[in-house]
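In the two complexes below, chain A is the common chain; its partner is chain B in one and chain C in the other.
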Partner chain A sequence: MRIRLADVTKRYLREGSLRVASDEPPALDHISLDIADGETVSVVGPSGCGKSTLLRLVAGLETADCGTVHYDEHDVADVAPQDRGIGMVFQDYALYPTMKGAGNLKYYFDVHRRTEDEARARAKEIADIMGVGFELLLGQQTTTLSGGEQQRVAIARCIVRDPTLFLMDEPIVNLDAKLRESTRMEMAKLLKRYGITTMFVTHDQQEAVFMGDRIALMRAGRVVQIGTFDELYYSPVNLFVATFFGSRPLAVLPATVADRTVRFGEAAWPLPAVLADRLEPGPVRIGVRPEAWRFAGAESGGGARMAVDRIESVPAERLTLAHGTVSGARVTVVAPAGTAGDVLWLTPDWEAATFFAADGEHALHTPGAPEFF
Partner chain B sequence: MTTDTAVADATAAEDGAQPPATPSRSRRRRRQLWIFLAPAVLLNLVWGWYPLATSFVLSFTDARLRGDVTFTGFESYERMINDPLVAQAFRVSIIFAVLSIVLTFVVPILVAILLMEMPRRTMRWMMLLWFLPLSSVGTAILWRYVYNTDYGLLQSIATGLGFDRQPFLNSSDQVLFWLVIPGLVLYGPGLIYLATLQSVPTSYYEAAEIEGAGFWRKIWTISLPRMRPVILMMLMFAVIGNLQQFEWPMLMTDGGPGGASRTAVMYVYDILNQLRYADATALSILLFALIMLVVAVMRFAIREDPDAPPRRSLRELVTRKGDH
Partner chain C sequence: MAALLPKVGMRQPKLRLSRAAIAAFLGLGVLLHLLPFYYIVSTSLKPGAEVVSTPPTFIPSAITLDAWKLVLQIGDNAEIVQLVQEPFWVYFVNSAFITLLAVGLGLPVTALAAYANSKLQSGRSARLSFLFFIGTMMVPFVVTLVPMYLLTLNFPFTLPDAPTIPGTDSEFPTLRLWDTPWAVILPAIFVPFNFLLFKGFFDTIPDSVINAARVDGGSELNIFRRIVMPMAVPVFAVTAYMSFGSVWDNFLWQLVTLQSPDKVTMSVATYQLIDRLSTKGTTGGGAAAQAEGMSDLLNSGLTWNGMMVLAILQSIPIFIAFLVCREYLLRGIKIRGLK
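Presenting the complex of A and B:
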């Protein structure tokens, strides 16, 4: 099912006040989204950015102040949550208390007065899909299950009634790291198998990248950028997107463009022709990822001088990282193995560098995904 | 010393593998333990166990204000059991408890559930109205005026509606019913129910809503199960409290008419006023036995349902803390 949101805005009433406080930013601010049939979109962003509100609004648990939500061609403004054919998984699983796992799966069929046989047949079917040991969980009281087990039951409860849209609100955030990994693998498999349109809310960028065909990055009630990981990583629309992704910090260097050269601190580099044609002379900020630096050896004069604070080696990834400063800006670089010493001479890889406005945060030039990917 | 070792074990389990505490350390721990326990233990001994033990002893004597005390065996008990007023007082207490539970116990539960459905602001105001900690003595005196047969509020309503003049508290058949009714507006437990309901995550209700559950189903499958342990506990308290009812009948009817609202504790009080200590303590012990019996029966009857998770011991909870 295709989901389309057009210009959706939602404000919460402030606690205790009857009128909308106009100075407060809306929880959702003119959001437009188009999710294709069968697509999984991860909604990611810092806490309080409105991602959960967005999900609840699509579910019908919240109503929009203005704007429309379409399921395929139908405007669902007047459709109650239970009639939308959705399955929702909550952060705290929200399994019904005093019911066994099986009771949780049967709940929907009870509510809708379906037959006991149908409920049992469906539950059996789901148990086969959910894999080894799942049937054991159904016989147990949900309060005795561990977090991971509860979560499996919650997901099963969600798919048992054949939803046309999956809504997941940080479903695995409460699990420990190892379990999170295996569970997200299992979920990705399920989503692939069913090909159901899915919105997956998370605050974890890795999870978002893993689960989503596309990623919608939100901030302060707006979708800042939506696209594949490559698009967000290599063509960020602004500094926020660029700094959000990547497990190691992006270096942001205040620099000046003049006479087809770029000047940063004491270093100056001639700009490649493509960049020189595009960039206006004046101040800019250059974003360089740790892996996008070139080393000019230990000899002076080859680029910018980096004062190294610490060399860190990451054996699991066979990486050596150098942390330090270049003309006052904090920089982390992926250094060649065996790097030592207090000083490194660096040059940004211009094919992978991003240029941002000095006075705003929007991107002036982005490198785009490398060809070989 | 079992509590002591249990505590030590629990902390050891919490800290993981730990070298065995040196003797001096464990002695210090034990001393600290007793320092913290002392105030509670002392108060309990002085105000709880000492009176209980003494009354138990006194009930087998002929204790009076002065004069020698001699051991008389079950004489006081015999006297009390054969006293027709004792039987009446116990009957009153039991009827009062049953009436009060049947008529008033469910109301605060319903009120709490309905309050949760109201808008926040309304709920706050209603909470203030319903759950204001009213002085029960003041309320009792007010109700005495409400029930006044000559110029009371209820009488004027009754006659206004065309009924005959009602006796209210003056009728020995109706007096207990009218005594129970004011309990409808005293909502101590309601606040506890409301707090329990507020602790239920909203996602439970949202999950049910998405599955198409209506209002009553949500109450039945989410709210009530979550309130169940609290309800059972409040029921236990209500039974115990009502069997010991004293102040309402004391303030509103003084046990009348003709002892029709004289509860067991009131009768103990009457006997005490006659300085018959042995009889009073014997009667108290009888009431104590009755309450213990009722509590035991209730504990047995309302067992946790067989599906409920097994109870976890403290140690299990401590060791399992890590794996969530």
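Presenting the complex of A and C:
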């Protein structure tokens, strides 16, 4: 099912207030999204950016102040969540505490007046998909289950009905790291198997990248950018997108472009021809990812001088990281193994550097995805 | 119970001593509370003459069931017909009818109102209706007594006589609730305090559970019945017990609204009996008449021992209600299935 949101705005009342607070920023601010049939879109963003509200709005649990939501060709503004045929997994699982696992799965069939046999057959089918030991969980009171078990029951409850749309609100955020990894795998397999349109809300960028065909990055009620990981990572529309992705911080260097050279602190580099043609002279900010630095000789004055605070090695990833400052800006670089000393001489890899406006945060030039293969 | 008396440190003599002191103190309190009950039961078993003797006896000199027999045949006995006009069970049934209906109608209404306020309304409307409901708690009962009485006469109007429709001689159609059980039942249906209890509980149910049930396709009423009510069983038990007690024991309002002898409830009938007993026993001009009245009563056999029987009979339903809800009352409002 194709999901289209057009210009959706949602404003909340302040809790316990009798007056409409007009100064309150809207929870959702003119959001437009188009999710293709069978596509999985991860919605990611810092907490409080409105991603859960967006999901509830698509589910029909919230109403938009203005704008429309379409399921395929139908405007669903007047369709109750009961009639939308969706499956939703909540962050706190929201299992019915007075029912056993099986009762949780069966409730859908009860209220839709389906037969007992059908409910049981479907539950059995789901138990096979959910894997080993799942049927044991169904016989237990949900309050006695561990977080991971509750989560499996919640997902089972969501898929037992053959939904036309999956909505997942941070479903695995409460699990421990190892369980999260395996559950993520299971869920990706499930989504692939069913080929159902899915919105997957998370605040974890890795999870978003793993689950989503496309990623929608939100901030303060707006979708800042939507696209594949490569698009967001290599062609960010602004500084926020660039700093959000990547597990290690992007270095942001205030610099000046003049005479086809870029000057940063004491260092100056001639710009490659492509860049020199595109960039207006004047102040800019350069975003350089930790892996996009080139090292000049340890002694010579080639490039910018980095005062190293700390050298960290990450054995699991066979990495050495150097943290420090370059002319006052904080920089983290991926250094060659065995790097030591207090000073490194660095040059940005211009093919991977992003240029941002000095006075705003929009991108002036992005490198685009490299051709690896 | 285990948490009440922790085992930690019980080897220390000081702690043992203080615990014994606490137990003794509490035991004394229990005894003090049980003393009236003992008097009620023992008095109901005393013969009529012993009941009015001074000083009162602590232990009955003889145990007799006369008073019990008398009360159970109160309406049949020619002597006592002057005191009350109906057999005792009429009052009991009146009370039971009013109480069961008030609780049976009141709990769903109050619970649904609280649920709607907690989960279906939001923002300003929720706040306003909450204040409206709670506001009814802020007005003392005695203040509303007279207006409420007037309301029961011609229901939508607070007038002793229904106004005539302008331009005609006929009166507005009104509901005459006064001297019917509905005059007691209807005002007892919505209980703001129970509303508060329910609302407090429903607020603790995560919205996501309700939303999950909505996504599953449950209608709002079905969600309430299948998901919320099973969670709220302890709250239902507490509120049922409390409103049962308050309606059953209510006296003033029932005295104001129920006048026909066949409609009077237990609490009012008991009061009327006490009133007539004491008037007959103490007034009537001069010591001679008083003594005569007293001897009449003694001959009929009904004195305070009969009152005690009535008191026992009146408290039995409350006791049964307590037994039914005991588990949940003792557990307090500890809610199963919520973190």
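We take it that the second predicted complex is superposed on the first by the 367 of 373 C-alpha atoms of A that agree within 3 Å, B and C clash if a C-alpha of one lies under 4 Å from a C-alpha of the other, contacts with A are read in each partner's own complex, and residues count from 1 in each chain.
FYI, a residue touches a chain if its C-beta (ideal position, glycine included) is under 8 Å from a C-beta of that chain, and two chains touch if they have at least 3 such contacts.
Computed from a predicted model, the values in this text were never measured in an experiment.
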Aligned on chain A, chain B and chain C: do they clash or fit? clash
For A:176 in the superposed arrangement: first (chain B), second (chain C), both or neither? first
Figure out whether A:323 sits in contact with chain B (first) or chain C (second), or with both, or with neither. neither
With the two complexes superposed on chain A, say which partner A:92 touches: chain B (first), chain C (second), both, or neither. both
Looking at the overlay, does A:285 come into contact with chain B only (first), chain C only (second), both, or neither? neither
After lining up the shared chain so the two structures overlap, which partner does A:111 touch, if you call chain B first and chain C second: first, second, both or neither? both
Could you say whether A:82 touches chain B, chain C, both of them, or neither, answering first, second, both or neither? both
Mind working out whether A:100 is in touch with chain B, chain C, both or neither, as first, second, both or neither? first
Which chain A residues come up in both lists, the one for chain B and the one for chain C? 16, 56, 59, 61, 81-84, 86-88, 90-92, 94, 96-99, 107-108, 111-112, 141, 143, 157, 161
Show which residues of chain B lie in contact with chain A when the two form their complex. 120-121, 201, 203-204, 206-214, 217, 221-222, 225-226, 228, 305, 307-310, 323-324
Under the definition above, what is the set of chain A residues touching chain C in their complex? 13, 16-20, 56, 59, 61, 80-84, 86-88, 90-92, 94-99, 107-108, 110-112, 141-143, 157, 161
Residues of chain C touching chain A in their complex? 122-124, 127-128, 206, 208-209, 211-219, 222, 226-227, 230-231, 336-338
Listed in rising order, chain A residues that touch chain B in their complex are 15-16, 56, 59, 61, 81-84, 86-88, 90-92, 94, 96-100, 107-108, 111-112, 141, 143-144, 146-147, 157, 161, 174, 176
